[in-house]
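There are structures below to look over.
Below, chain A partners chain B and then partners chain C, in two separate complexes.
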Partner chain A sequence: MTSNLLILYQAPALGLQLAIDGILIGAMFAIAAYGMALVWGVTNIINVAQGEFVMLGGLIAILGAEHGLSLWLTVPLAAAALYALGWFLFYAVIVLLLGRDMFNSVFATFGIAIVMQQVMAHVFGGADRIAVSSLGSWFFLDSLVVVSKMKVVVFAACIGLGITLAWFLARSRMGQAIRAVAQKPEAASVLGIETRKVYCLTYALNAAICGAAGALAATAYTIQPYGGLSYTIRSFMIVVVAGLGNLGGMIWAALGLGVAENFAGFILGTQYQIAFVFGLLVVVLVFRNWRLRRQRQHLE
Partner chain B sequence: MRGFLASLSFILLACGADSAVCADASTSDNVTNDDVITLGAAVSLTGKYALNGTNTKNGYDLAVQQINEKGGVKVGDKSYELKVRYYDDESTPARGTELVERLIQQDRVLYILGPYSSGLTKAILPIVERYKVPMVEANGAARELFTKGYRYIFAVLSTSDQYLTPAIELAAQNAEKLGKAPSEITVAMATENDPFAQDVRAGVLADLQRYGMNFVVDDQLPPELNDMTVTLAKIKALTPDVLVVSGHEKGALTAVTQIEALRVNVPVVALTHCDSAQIAKKLRKASQHVFCAHQWHRSLDHKGTLFGSAAEFAKRFEAVYGYEAPYQAAQSAAAVYVFADAFSRAKSLDPETVRDAISATDLPTFYGPIKFDQTGKNIAKSMVLTQIIEGEYVVVAPKKWATAEPVIPRPKH
Partner chain C sequence: MAAYRALTPNRLLLVACLLAVGVVAPLVLPAYQLQLTELLLFIVFALAWDLVGGQMGYNSFGNVLFVGLGMYGAAIVQVGLFYDVGLYNAARGGGTQFVFDVPQFITGLVLGIPAAALISAFAAWLLGSLVLTMRGHYFAICTLGLGIAAGQIAAGIPWIGAGSGMLTPNPPEALGDVALLLYYLALGLAITCALSFAWLLSTRFGLALNAIRDDEDKAEAMGLRTHAAKVTAWVIAAGFLGAAGALYGNLVRFIDPVQTAFAGVTIGVWMILMALLGGKGTLAGPIVGAIVFQIMKELFWTYLLGWQRVALGLLIIAVAVFFPAGIVGFVRERGSAKVETEEQGP
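And now, the complex of A and B:
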């Protein structure tokens, strides 16, 4: 461990590389987490199939790339396909879970995840895949810091997506409706908003977001029908750390998570990378609980 | 509408569920049928090993087909048809043990073909040992499978510690091309945290000790991790001469893409599972001059009576399944061959007699010579090292099979 710290001290450019890589991958998790938070906040359903949506988006994008489609086409294609799937799943499964115990939603979406995994493996095959990008990289500081252009594109796309979503929620009519339903469904329906439609749109939108994230992820990381769990877990973690409805916090949490993972992997060794991140989650939750308890004591 | 969709989904689910069992329902009587020998196999048709589980099943099926076409298994003066009963172990050890127990207890199968991966093979070993059911496996290479004194496991493949030995040897032999003495060569290792890759790592460490080399990076990657940038950043800083990566297909794909993307220049890069990940085909530029460990290669001069030569097996496999045979399929076919040969030598179907016959196997095959020591390892076959040149796997070691000189160091591009 100390030898790794020494390397960072002697070559701080490597620390820069780790930080940049962390931010780039964090943006992707931020998008998936945002979709999960959206669904959770509006419909009170935890979508355990989040990672599978991402994988499906990735597989569709890879299929498109193999047929010569460029990234500008495969990302919207994946998003549109996942939107349709989200719509279908909503009316097939999710609609039965509305208003019920959250535990039911976890079970049901877990079931969706399993079915999706099997269907994807059946259709696409179980192999690991990656979409080869031909964009190349920027090289700084004598190739010590390498920034893949594709990852920057992905980062920019995620930021763009996030801004678009935020604008959509804040300014558009439907966005207003979504926020209204999230605040108080009964009042919203009294005011003439069709809550069922809003729920459906939210779920389908989340699926589309995940599809886009998956299509973007496929350019840098391997995609496999059974590989969705790590995305689901990270989304969940970011939402929990940031808190529902805290969009800014979510972005910070996601980027911070990416950077923390990279540094932990470098300094402690990759075997502890994921363990460190979950340990960090526990620390954050314990600290927050302690802070809140103090606040509660004051109020009492 | 809502009810209809819900019922439709449920029906689709029910049809898709447990299809392996549904498909085999018709053969459930055949376990006791007089003219059929049924082997049992729990393989990974789903889960993270789905790709190689399918390769394994295809290998088993092709051998069964070939044996039956040639008249079946001859035991004494009676001919038997060979069949395999499959279950899907979903790439999880718990499920694998359940299913093998089911095969033995419920389906009354008396002979087991191994699953894919050392982890899954390790999980089912105690069960076949307890029920005294002989198992011939083709895809569990970790040495720890053979160190516990189990009598009912037989493995046709070479053990995992031998996978990257040829690469380290090659590096030592070409030390002056790297500008160093053999003992000055530094090595970086990135291995997945599973029994197989950790045994590969142990083999590499033993080789390093033999040559007096040192390692500078020893990263063990969690199985869910598909990002190696942290390890590669370290490698950039420490500039080792050799990089070895073992992480099944995901590791091979990730390593090759990210080494290219991050412009990591290591003179010797050696991987496992290149051909099943198809990196030569899919990542032609990025995989140039990478060394790959193979259990078998179609260009080797092995020959046997069942399939003929290695090349003939490869041709047959490609004709039936439409893709190039990875070595996982070849060794799986060889496992079935071992059973067929053992049955005819044993002249009996009694598991104990068959087990003893397997133990005495001395069989030349398209896959290589097969001869087991008392722990069940195949001690007659050696590993092969290839180098990817222009999208082709060119054999560079051992010398007797080499078709070209290795390119060391890896040219920068």
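And now, the complex of A and C:
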């Protein structure tokens, strides 16, 4: 561990490399977190199957790529397939959880995640997979810093997707309906908004967002049927740090998480990277709690 | 929720009958001895989860942390008393070097199980003041993170076998039927757990836990020391989980950090499912739930191999969506509905 720190000190370019890679993956975390915040804010359900949606999107994209489809086709394909799945899951399960105890929804979506894991392993095989990309890389500082062009494309596409979503929620009629239902379902209902349809659309939209994020990520990162949970946890952590509905905060938190995770992976060893993510979650929640308690004591 | 009723003669008879069944079962059904031992440990898991989740309303997804700590703790004590743990794990516990004779094995077990309970209880005490101040889903997700982080960390420590896991001591040939010994140890643990919980829930402490579940702020305003009660319940649950984990490790004989010890997606979720299936917040619920679950699990594993997780996942969804009161809750609801109609009748 100390030797790794020493390497980092002696070769700052390596630190730059880690930071760039972290920022590039962070955009994808931000998109998944945005979807989770959307569902959380509108339906008051924490979707534990979030990571599985990302993984499924990636696996569909890889399957499409193996059949000769280009990236510009696989991403919409994955998004459409996940939209349909989200729609189905909403009417099969989620609709029955609306307004119920939070624990029920966490547990039920955990069940969805477990079902999806094994089904995905059967359909796509259990191995780590990655789509073949042939874009090559840019080299900087005498090849000390290597930036994969594909990762940059994924980053740009995620940012584009995020901006589109923010625009959709702010400007479009449906986006306004979603925000209205999030603020006060009864009032929205009185004004003629079909709240159940809005809930359904929100959940399906979240699935589609995750699908697109997964499809994009599959071109540069490994995808694994049983690897979804860490994405759920990352999304949760980002939402908790930034707060619901704070898109800017979510982007900063996601990029920060990506960088922190990459550095931790290098310093502690890659086998501890997932442990770091889950450990950081605990630290973040404990810190949040400590701050809240202090504020409450201050009020007294 | 009905308050806990004390042991009436009828209940004592029921307990005695169950005890007799428990003692005789492995002798009558020797082919299912392993599954029965596992069932008894599942009963402890479900009861311990329910003390905090059902009775106190703190739905933990990370109780598997204490199972894993107990599992590793016991194995380390069992080996460490006589050999160097690092060398033992480097040699994968095999060869002629690491042989345990009968007194050594028994000593290891006798000291290992209480040590496991103490380690888990201590960990719960340390974590309690940090984690138990969270509410609702923050607590749920935080504990989930704790359980999984522990597995990932354990998988990186070479001293306890890292990712390739740790073997519990090989039982000596001369000892005879170790599986039967483990069964009776598990039976003793399950009975201790059920009876001590029955007693705990009949005291003011049990009422305090229920008050915390129903309205924590009010309970605190009434002058209850809610934080102390919460930590105490968690420590008790963790102690039982640790001891059960110690036995579970010796039962499966191989401790994989992610698949057996800190198995958040299997045992960690199963114990919630068992408590929920049987009936959250009741004493009989987790026991009934564990029995039903173990039968279903064995059926799934036998007839749906390869799709068993799908079946279990669907069961989780079905229970969470359609059956949140569980078997005991369902029976009670029907019972009270019957009483009401009878009262209204004449």
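Keep in mind that, in the parts below, the second predicted complex is superposed on the first by the 259 of 300 C-alpha atoms of A that agree within 3 Å, B and C clash if a C-alpha of one lies under 4 Å from a C-alpha of the other, contacts with A are read in each partner's own complex, and residues count from 1 in each chain.
The definition used in the following text is that contacts are C-beta pairs under 8 Å (C-beta built on N, C-alpha and C of every residue); 3 or more make two chains touch, one makes a residue touch a chain.
All figures in this text were calculated on a predicted structure; none of them were measured in a lab.
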Which of chain B and chain C A:Val115 touches, first, second, both or neither: both
Which superposed partner A:Arg293 touches (first chain B, second chain C, both, neither): second
First, second, both or neither for A:Thr222, with chain B first and chain C second: first
Partner chain in contact with A:Phe266 - chain B first, chain C second, else both or neither: first
Partner chain in contact with A:Ser172 - chain B first, chain C second, else both or neither: neither
Which superposed partner A:Gly279 touches (first chain B, second chain C, both, neither): second
Partner chain in contact with A:Gln183 - chain B first, chain C second, else both or neither: neither
First, second, both or neither for A:Val93, with chain B first and chain C second: both
Which superposed partner A:Val106 touches (first chain B, second chain C, both, neither): second
Chain A positions touched by chain B in one structure and by chain C in the second: 93, 96, 115, 117-119, 229, 269, 271, 274
Touch list for chain B against partner chain A, complex: 1-2, 5-6, 8-9, 13, 16, 46-51, 53-54, 91, 190, 193, 218-222, 224-227, 229-231, 233-234, 236-238, 249-250, 253-254, 257, 261-263, 277-278, 282-283, 286
Of chain A, residues touching chain C in the complex: 46, 93, 96-97, 100-108, 110-119, 122, 229, 233, 236, 240, 269, 271-272, 274-275, 278-279, 281-282, 285-286, 288-289, 293
Residues on chain A engaged by chain B in the complex (per definition of touch): 4, 7, 10-11, 14, 17-18, 21, 25, 88, 91-93, 95-96, 115, 117-119, 121, 125-130, 132, 137, 139, 143-144, 146, 148, 220-222, 224-227, 229-230, 262, 265-266, 269-271, 273-274
Complex contact set, residues of chain C against chain A: 59, 61, 130-131, 133-134, 136-138, 140-142, 144-146, 148-149, 152-153, 155-156, 163, 265, 269, 272, 276, 306-310, 312-317, 320-322, 324
